[in-house]
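Two complexes are shown next, each including chain A; its partner changes from chain B in the first to chain C in the second.
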Partner chain A sequence: MKILGIITVIITGFLLLQAERDFPDWGDAASPASDNRLSQHYITETINETRVSNMVTAVLADYRGYDTMFETVVIFTAGIAIIGILRVYGPSTKLEHPEPTLDTEKPDLIIETTCRLLIPIIQLFALYVIAHGHYSPGGGFQGGVIFGAAFILLALARDLQTAQKWVPENRVLNLAAIGIFIYAGHGVLSLIFGENFLDYSILTKVLPGDAIDARYHSMLGVEIGVAFTVTAIMFSIYSNLASNGKMEEGI
Partner chain B sequence: MILNTLSIFLISIGIVFFIGGAVGVLRFPDFYTRMHAAGKGDTCSMLLILTGLSVFQLNDPTLANFLVVGKIFFITLFIMITSPTSTHALIKAGFEEGIKMWKRDETKEDGE
Partner chain C sequence: MTEQAPIFILLFPFLTAVIVALVGLRHKSLSWPLTLVSLGASVCASLSTLAQVVEHGPIRYKLGGWSPPFGIEFHIDGLSALVAVTVSVVALLTAIYSKDNVDAETPDKSSQYYSLFLLLVSGLLGIVITGDAFNLYVMLEVAALTSYALIAMGNKRASLAAFKYLIMGTIGASFYLLGVGYLYIKTGSLNMLDIREILETAGLFNSPTILVAFILITVGVWIKMAFFPLHSWLPNCYAFAPTTSSNIMAPLVTKVMIYVMVRMVLTVFGPNYAFEILDWENIVVWLAVIAILAGSIGALAQKDLRKMLTFLIIAEVGYMVGGLWLADETGITGTIFHIISDAFMTLCVFLFAGIVFAKTGARDIYALEGMFKKMPLTMVGFLVGAFSLIGIPPTAGFFSKWYLVQGGINSGNWEYVVALLISSLINAVLFFRLIEIAYFGKKPAEGHDHHHGDDHAKVSEASFTMLLPLLSTAAILIVIGLYNKELVSVIQDFLSQFNLATSIR
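This part shows the complex of A and B:
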């Protein structure tokens, strides 16, 4: 059986290495990805059409808004599925711990101080990553994950109840839904004003500046929506996994 | 030139500490001594390597490079705070779970 596995691995690896030779060279200007009109359009026109210097953000949040919107929906659905599978309602059963040899009632001084110092910085940095996605690597997904990680750190350093005071379960789910609502709201609003779904340039009627500014600001808006959903679902997944779905006592 | 030499020196020392930490994690007998090697080795070597990198950046003293040095300084600060804390938290958790400490006479039974 082991020999069969090795033979399969060797054959598959050989085929993969053979197929790898057909790939275009790294940075090849004639490769299919960079040798078409669409990529050229993104590369040359993004800065004129949206005033966003990070074209990844522009492609993600504007040109391919549908894709990103449903990516956010996928994350939301994953969170709902995890809650549906793991969450247990019913009589509380305490997790079994061995008898502690130290006084664990008091929070540890070193961990406490470090978390007090770091959590605000992490959250500020998350906001920076969300807001600075127009100019540097970052955006809603990355910033949302960092923001969620700040809450997870709080739950790890103290316990799940302390973190739950800040983000209770119902508030988490509301936040996740609000995120998608913000994103889809941008699309529906452009529909109402008589343009295509997620065509932000018409939003100049409600946002300051001209049509290009409207696209620029709407991108920030949808990034914030994405960040809401990702933050909420990140923390929800952690708290369900860590407490066996009981949301009482985490690790 | 002198900055390059200093940078190479710092990074080499940092790599030596890294190797020490890795060997310590593999060779030390129990959880606590392993965490000791991992925590101290990683923190010290990261500090040295990052300092070496920022010294290297100072070769070309422009404003952009000074910004890079500032960012590296903040990363260094971050690692200096978080890495010892995580080691402390892990060891405390292990102690509360009742992991036994290594004693000299037990080694012969384990055969390590």
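This part shows the complex of A and C:
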């Protein structure tokens, strides 16, 4: 079996080297991927068509917004899958230990104080990253991860129960679903107004400004949707993994 | 509203998946009806799309209003419309069937289960209707993640099998993605039709990068469809998964991957590149011959009913891979026809295996003893499925195999014809063995069931929600068989654009 594996790896490596022979030069401005109507269109027209200065966001959230919607769904799926596989419902072991052992210990002063200082800043920074997706590097995925990390830090510094007070299990799922609904809602709304799915320009009927502004604002809207889902699922995955699916005591 | 039908095929199951995950937290009993309603709506949307395609030709649906290649489009022609109808109908039938199983096998988690189920269906539908090579990967990811979870929610052995599948599936998907990446490096486009056009106009067919892209995509898809010798993940996955999971995945996942292979070979690279310039048909057909024989012989060795059926899937995958690489119009017609008929006949026998398992709790084939007396209707459904897998007219399996054999003869690939006939004979042996056990079984199933022994009035049929999908699938198999001409004309309309060889090369 091992030899078979080595042979497969060598063949694959050989193939990849073969492919490399015909690659365009590194950083070649005339390579097909950078010098054709597709990329040129994105580079020159994005600002006119969507008024978004970060063209990566425009490609992600508008030109290929359908892909991004399903990337968000992938994250949602991962969350549901982990709940499906790991989560153990059943009689709580709490009945046997009326007082969780973790709570009897006083939290460490240094950790406590650091978290108190850090968590609000982390959350604020997450909101900044989400809101500035179309000016600067950032967006829903990145911001959502940072926001989720704030809750994970809380769970690590105190214990899972404390973090669960802020985001109980059901609320996590609700948040994740709301995120998807916000994203898909933009699409469904465009359908209702009589345009194709995810055609934000028609949303000018409910958003301020003209059709191009509607694209601009919708992109912020869908980024917020992505952020909701990512935040919730990040924390859900952490709490399921850390507590073996029992949701009682974390690590 | 009909011009929006393509998006509704996908939108109903997708949005309902999220709703089920939400509502199911409080009202578990609502999950099943919601699933049914959404899949029913999806079936209507896909049928309406098929009608439009047949009437007016391919549909191009621009998502976000951006015209391709700047945005993503759905490109729905006869092939994708037919497969989309198949996927949604199979999903609906499985969903009806799932009512009793899901609560029994995954207690407390039925809402998550249905949510994942619907996401799997939307992933598969997304793969089928998309016209964008990268979007196909995204939907592949949705379908793959959900299927790992749906398998792992079974017993301990299922978790291990799911882990194997996770590794293999991820390698397959990465190969596909790498292939698409290489295509993008050389063409600068992700839209399937656009890639094809650039490949032709820029004369990229002798570029090694394109060759490697083709190999990576083909092998990646082969891993995902369990083409022998890349099949080792499949038997345990489908044999030990929860009943509903294997019922939905066994008919659909491998078939949709075959759809991807057909789509890549015909639409993206073009038959001219795949069959003329590369000229590998004979090697691939021989591989397919080995796959067919290996799958059939593997099935003969099994005592576990569901595991035996999983080996038949491997043989069927061999039929279809071989059928495509015959590079003959009749053969490819047979491949596409077989995608549809195999989806339904696999569904039929898996539904039957699920009923047997639910009724007797036993997995091995001897659990079938006395079934004709106890469940006559169930056995009728099973017989139709079995006859279709063997290839007895007027079931769908006969006609699709007919086209495959014809294609083999036209292109002169006699080894393929022989393998197909041997495999059909082995199927006949397998299923008549089952029928014999069910009909002439020595002891009248004591200890399995306390209703036994009185008279025919005391037959103990499966519940209505299990019987209805089985019998409908059997009916669909016969209907496809009877209306095979109409189906073939849709497929040939689709194939006519490719100038495939129709006679002996």
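Details
Heads up, the rule we're going with is that the second predicted complex is superposed on the first by the 215 of 251 C-alpha atoms of A that agree within 3 Å, B and C clash if a C-alpha of one lies under 4 Å from a C-alpha of the other, contacts with A are read in each partner's own complex, and residues count from 1 in each chain.
Going forward, contacts are C-beta pairs under 8 Å (C-beta built on N, C-alpha and C of every residue); 3 or more make two chains touch, one makes a residue touch a chain.
This structure is a prediction, so every number in the text was calculated from the model and none was measured.
Judged by the touch definition given at the top, the superposed model places A:M1 against neither chain B nor chain C. Of the two partner chains placed around the shared chain by superposition, chain C is the only one that A:R21 touches, whereas chain B remains out of contact. Set against each other, chain B and chain C touch different numbers of residues in chain A, with C touching more. Touch criterion met: A:L198 reaches chain C, while chain B stays clear of it. Across the superposed pair, chain B and chain C touch chain A at no common residue. Contact residues on chain A toward chain C in their complex (touch as defined above): 15-16, 18-24, 31-39, 41-42, 62-67, 70-71, 73-74, 76-78, 80-81, 83-85, 87, 89-90, 170, 173-174, 176-177, 180-181, 184, 187-188, 191, 195-201. Taken together, the chain A residues at the contact with chain B in this complex read 98-102, 104, 108, 110-111, 114, 117-118, 157. Chain C contributes residues 4, 7, 11, 14-15, 18-19, 21-22, 25, 61-66, 69-72, 106, 108-109, 112-113, 115-116, 119, 126, 132, 134-135, 138-139, 141-142, 145-146, 148-149, 152-153, 159, 182, 184-189, 198, 202, 207-213, 215-216 to its touches with chain A in the complex.
In the complex of the two chains, the chain B residues touching chain A come out as 81-82, 85, 88-89, 92, 95-98.
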